[in-house]
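These notes open a run of structures that come right after.
Common to both upcoming complexes is chain A, partnered first by chain B, then by chain C.
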Partner chain A sequence: MLKTSRRTIVAGAALAAVGWAGSAAAQETVKIGAVYPLSGNSASAGEYSKMAMEVGVDVINNGNAELAKIMPLAKGGGLPGLKGAKIQLIFADNQGTPAAGQNQTLRLITEEKVAAVIGAYQSGITLTASAIAERYGIPFLTPESVAANLTERGFKWFFRTTPVAIDFAKAYSAFLKEQKAAGRKVDSVALVHENTEYGNSVASVIAEVFGKDGLSITQNISYSANSTDVQPQVLQLKEKNPDALIFISYTSDAILYAKTMKELNWKPGIMIADDAGFNDPSFVKTMASSVEGLVNRSAFAGGKPGTVPYLFNELYKKKSGGADLDDVSARGLEGFLVMADAINRAGSTDPAKIRDALKATDLKADQMVPGYDGVKFDDKGQNTLASSLITQMRGGQYLAIWPKDRATAEVILPYKGW
Partner chain B sequence: MSMTLLQVVVSGLLLGAVYALFSSGLTLIWGMMNVVNFAHGDFVMLGMYTAVVIWTALGGGPWASVPVAAILIATLGVVSYFLLVRHIMKGPMLAQILGTFGLALFLRYAAFWTFGANFRTLPDTLVGHSFVLAGIRFEGSRLLAGVVGLGVTLLLHVILTRTAIGSRMLAVSEDATAAQLMGIRPQRMQALAWALAGAATGIAGALIATFFYTSPTVGETLAIVAFVTVSFGGFGSVLGALVAGLIIGVVESLSAYLIGPVYKDVIVYVLFVLVLWFRPQGLMGKA
Partner chain C sequence: MSPRRILQLGVVVLVLVYPLLAGNSPVYGRLGALVLLAAIGASAWNIVGGYAGQVSVGHAVFFGVGAYSAVVVYTHLGWPPIAGAPLGMAISVGIAAVIGVPTLRLSGHYFSMATIAVAELVRVLSSTSDFLGGAQGLSGPPVPRSVLDLSFISATPYYYIFLAVLVFLLGLTRWIEGARMGFYLRAIKDSERAARSLGVSAGRYKLYAYMLSAAFTALAGSLYLTMFGFIDPESGFGILISVKMLVMAALGGAGQLFGPLVGALILVPLEELSNSLLGGRGAGLTFVVYGAIIVIIARFLPSGLLSLFERRPARRDRAKSAPVAGHAD
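Up next is the complex of A and B:
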């Protein structure tokens, strides 16, 4: 009974839609599912990503003259490969739990009949949600989950556009070697990391990459992120006095380290922070003046006027009420654009064709919203051209300083601190 | 090497004095009425926010925020006593635990609602600059917190053991009915204990805020230290909390420096378990 009535309504709505579309009756919509945290602890990150992707949908469906000069899909009128089909992005709330993420993905695939799924922010949820897509043979793309094991499962329908720990490590290594070549002292590097999955895994990857690149890690300090005091650790650092220091920290510990280093009056020549705590807006707001010249990473850093990141950021600011695209939302938007490009080239909503198109993806750096070198997937579905920009704290905000061709500011060293 | 080691010990002692300060309120409440205040960490958190608000709204430093926080949290303590604690004390043990735990959650989420989840910090120039004395570096804000911590804890100890009002409070904690027969009003004394504990906790919060971050969940982080300090020193003993705070501060600092930060908790807790093994009542608790 209920089912019949719902079907009737859907049919009615469909009829109305056809009537509305009028002459363009041949047009169809392509449904893409998006599983994001819209409630729970990470809801704010999910909301920002949702807004960013909606900007992307609007650009493809309705066009943007300026972006169209660089991006073929921004001409408006939907996807040319599917006779102008419009994209409909259907959001589902993963509620911050792997179980909900899995259920919502199942619903998107079986009831909404989406052609592909994007998601799911938290690595743990991407893990379960993508397993459902794999079982149903639907392409799943994660724009932001970085856990290494995601691409090690032998999945055939899984793709990842974001850079992962190894990319960050390579960026830091290349940056430090460049500084060394420029005559700066980089003979000893200290790693200071919090001791959960994030800190441990990133630190071990950095240690490995640095080892191969001939940068010597002389100190490796692991600590608990909810410490009440970090004075002894700073004193350990002060005593060994490394030339460069890399932090892998969350927010509260980042604040404590920044404060304590100032109190005990010690700073290295080069100080690098691996995103996370040191990029948290509340850290930047309160501690910026104590970490002037801090080197950080971010996938997104504005860009010059007229470029893809700049133009998308302008559109996004209108939607978000003034907030800029950030590291997470920019990567989310890029994930959506990669999926839209693949569906367009597939010329079909057949999942297998979309997967083949994803595999053949070859996007160039000038098309990128975040600072990637492009998008090209390897056999495991990992984007091999993903890379991170290196930024530096200057008077309260992070500016892109590396690589040179995407820098908006010059590198200033040594680290100034306060 | 030895200079750095000395610096570690001094930092540990100052840290320990602060631990003692924010633990003294907890131990006082226990000593007076055998109630464990699970909302203690959140009292500290509100003291910290008092300092943050006074600075952001009025530009006032600890000279303004310490007395205001003392009065505010003392009031909060008395209100909590009359509205909640007095009633749940008649209930079973579980009701007491869940009662103050509920209060903790209420205060924490009220803070989320009022202040948002963001981390706040006070400018480090608020309490003067750091200085070097005999090769040891002292940070103004930590030194102030440490010295006031020692002072307030000792003052509480003196009030409890050397004054008439202290004797009356102790009489109530020993035997409320007998005290009442002697003309002491138990409820008034217990309310006073909550006021004193609240004031000490407010002072602790306002001082910690000058060198720590403030967030709605910071109470959780600090409460664990307070519970360890109090059971280490002996539930109910203010002097015990002071000694335990100093020991924990120094042991934490030394083990983090000499062995490694991830092991410092192991060492502190091994010591803790050993103390409880040989003296279940804590260093200075009553057997």
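Up next is the complex of A and C:
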């Protein structure tokens, strides 16, 4: 009895809603799965990404007047392509293990019946999680995993929005060539990189791209990130005195290099750092005053008031209790927005239609939260317009200086240091 | 048929038809396979950790070697991953011999510490080896090339493969229990000094147990790789892998044939379901539960859950001989 009467009430309410809103489908929700590290070593990155994506869900479902001026989907009221269907993000914890990532992706697909999956931060987990999505024919988008082999598997349901090593290398190359054209000396470049996977792979890609672009790498120094003394390396640099220097380093070694260079009083004309250690808040806090003018990269660097990154950052700060969007969370949010855009254009929760819509994605730079030139996927599912912002250390914080249309500050060279 | 027989038969039938019962839910189908896979690892650990009483906390070495062997034959030779299983087992037996000879001389927690040290060493070394894919790890065939790649959408084939391996392993363990080696191992576990004084070559039999245990742990690793298709230093050699084997065996009953299986039956669903229900909120609650269970067992049931059942028949016999009032069965 109770059941019947309750159902009657719901039906009545639904009917009223139909009459009022004009569409019964307005009740629908589109489920998107998100597999992130919510426990384990990378839990904090996962938590920040989760908050950023939840901001994105809120903007699409409930609207934001200022963003709506730039982003069509920010008008509120869900996805217009699906008669106003609201988006529901279902999070699952990958626990930092490839097995849990795969198990949870399977659950999201078969139990929660999600239309698409986003994830999974760690490259190894993205690998196993996307393999199960591929088998089930569900689109999988990774906003942040950079391992090169992810897009080399011949998968038909896999997409990646983040830039990878080659994009960073191209950004550095273009930046340096621009400086050269402006009359600065860039005849010799030194690479200094830590000697595990990260440092080795990024250094070899940079060397390859620079070789093609006619920038000559005159010194290539590899070292262990656990070193307690980097004087020999800095002395080597001092002796050859290269015009430009690129660091690929983790945190403690980055701090060590900054200190040692100051002690030995040597600095190059242009000093570049590849994200990682030099973007770590603990590096910025302790060493900022010794690396004034350091050039770095980040997917995210605030942006001018009124732009998409600025507005999203304001919303995010309210949710996170003051923390700004960062390199990881901004890319995660962008991954979600790309997926929402594709589902909206697909006008359906049919996985095949969503995949086709993803393939047809063509988002412009002004819609981007991170510093991409836009989003457009190639045959392998890699975003061809993914690129990095180049930033520069100015009085304790990094400001975007390149490319020019997204810069918030002018380039100031040569490198000042301390 | 005695009620005990009927119960046993019922369990056997249930195990055999489980995938059909879970047929509609890929998640539950997979859960069955995961339980069996964990039970293989924990049962392999049980041979040396349970029967011989040599508590290894570094069995991830063998698990990782098995998984890496499978992926290496695929990556470098293009073979189906499972073809690497014999190689992984052979290498593991070799490693067990090499590290067993010195470390098995250590007693009690010194042996445990030595096994942890070896596992951590291998983990660090593997992350710097290009041949093993470095810190990034290696992945199996992205799409199955033939049925030999053992890459299936449904968990049912995995379930039966794992079941066959587990049945073989438990059969072998059962045989050892009744053979001379089983008696020796129990004697060593009770008191190594007493066993030696009776002429048991303790060192040799501990080593045999260690090598046998290593071989099947490696097989579990190879099977893991065929199912998940990816391995990196942390998921192959991480200390959590070793600890899980140990905890499962201890929970069910170390040194008992079905102890590890019972442990896996409880812990794997607990871990998966708690992660499914609570994980999305991001509190890491799964591991809190895990830790709490370890503490509770260590305090109240040091010889595992199966010890509860062992005590029961004795009590019943006593109850039968005594006059029973209002005994409703």
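By definition in this document, the second predicted complex is superposed on the first by the 392 of 418 C-alpha atoms of A that agree within 3 Å, B and C clash if a C-alpha of one lies under 4 Å from a C-alpha of the other, contacts with A are read in each partner's own complex, and residues count from 1 in each chain.
Just so we're on the same page, a residue touches a chain if its C-beta (ideal position, glycine included) is under 8 Å from a C-beta of that chain, and two chains touch if they have at least 3 such contacts.
Please read these numbers as outputs of a predicted model, since none were measured by experiment.
Asker: Quick one: classify A:227 as touching chain B (first), chain C (second), both or neither.
Answerer: first
Asker: Once chain A of both complexes is superposed, is A:286 in touch with chain B (first), chain C (second), both, or neither?
Answerer: first
Asker: If we overlay the two complexes on their shared chain A, which of chain B and chain C does A:171 touch? Say first, second, both or neither.
Answerer: In the superposition, A:171 contacts neither chain B nor chain C.
Asker: Could you look at A:393 and tell me whether it touches chain B, chain C, both or neither (first, second, both, neither)?
Answerer: In the superposition, A:393 contacts neither chain B nor chain C.
Asker: Now for A:146: first (chain B), second (chain C), both, or neither, which partner does it touch?
Answerer: A:146 contacts neither chain B nor chain C.
Asker: Contact-wise, after the overlay, does A:67 reach chain B, chain C, both or neither (first, second, both, neither)?
Answerer: In the superposition, A:67 contacts neither chain B nor chain C.
Asker: Within their complex, state which residues of chain A touch chain B.
Answerer: By the definition above, chain A touches chain B via 195, 221-224, 226-233, 235-236, 238-239, 251-252, 255-256, 259, 262-265, 280-283, 285-287, 290.
Asker: Would you tell me which residues of chain B are touching chain A in their complex?
Answerer: By the definition above, chain B touches chain A via 1, 4, 7-8, 11-12, 15, 118-121, 124, 130, 137, 139, 142, 211-213, 215, 218, 221-222, 225, 252-254, 256-257, 260-262, 264-265.
Asker: Taking the complex as given, what residues does chain C use to touch chain A?
Answerer: 25-27, 30, 34, 127-128, 134-137, 139, 142-143, 153, 224, 228-232, 234-235, 272, 275-276, 279-284, 286-287
Asker: Can you tell me which positions in chain A touch chain C when the two form their complex?
Answerer: Going through chain A, the ones touching chain C are 38-40, 43, 46-47, 50, 90-93, 95-100, 102-104, 106-107, 110-111, 123-124, 127-128, 131, 134-136, 147, 149, 153-155, 196-198.
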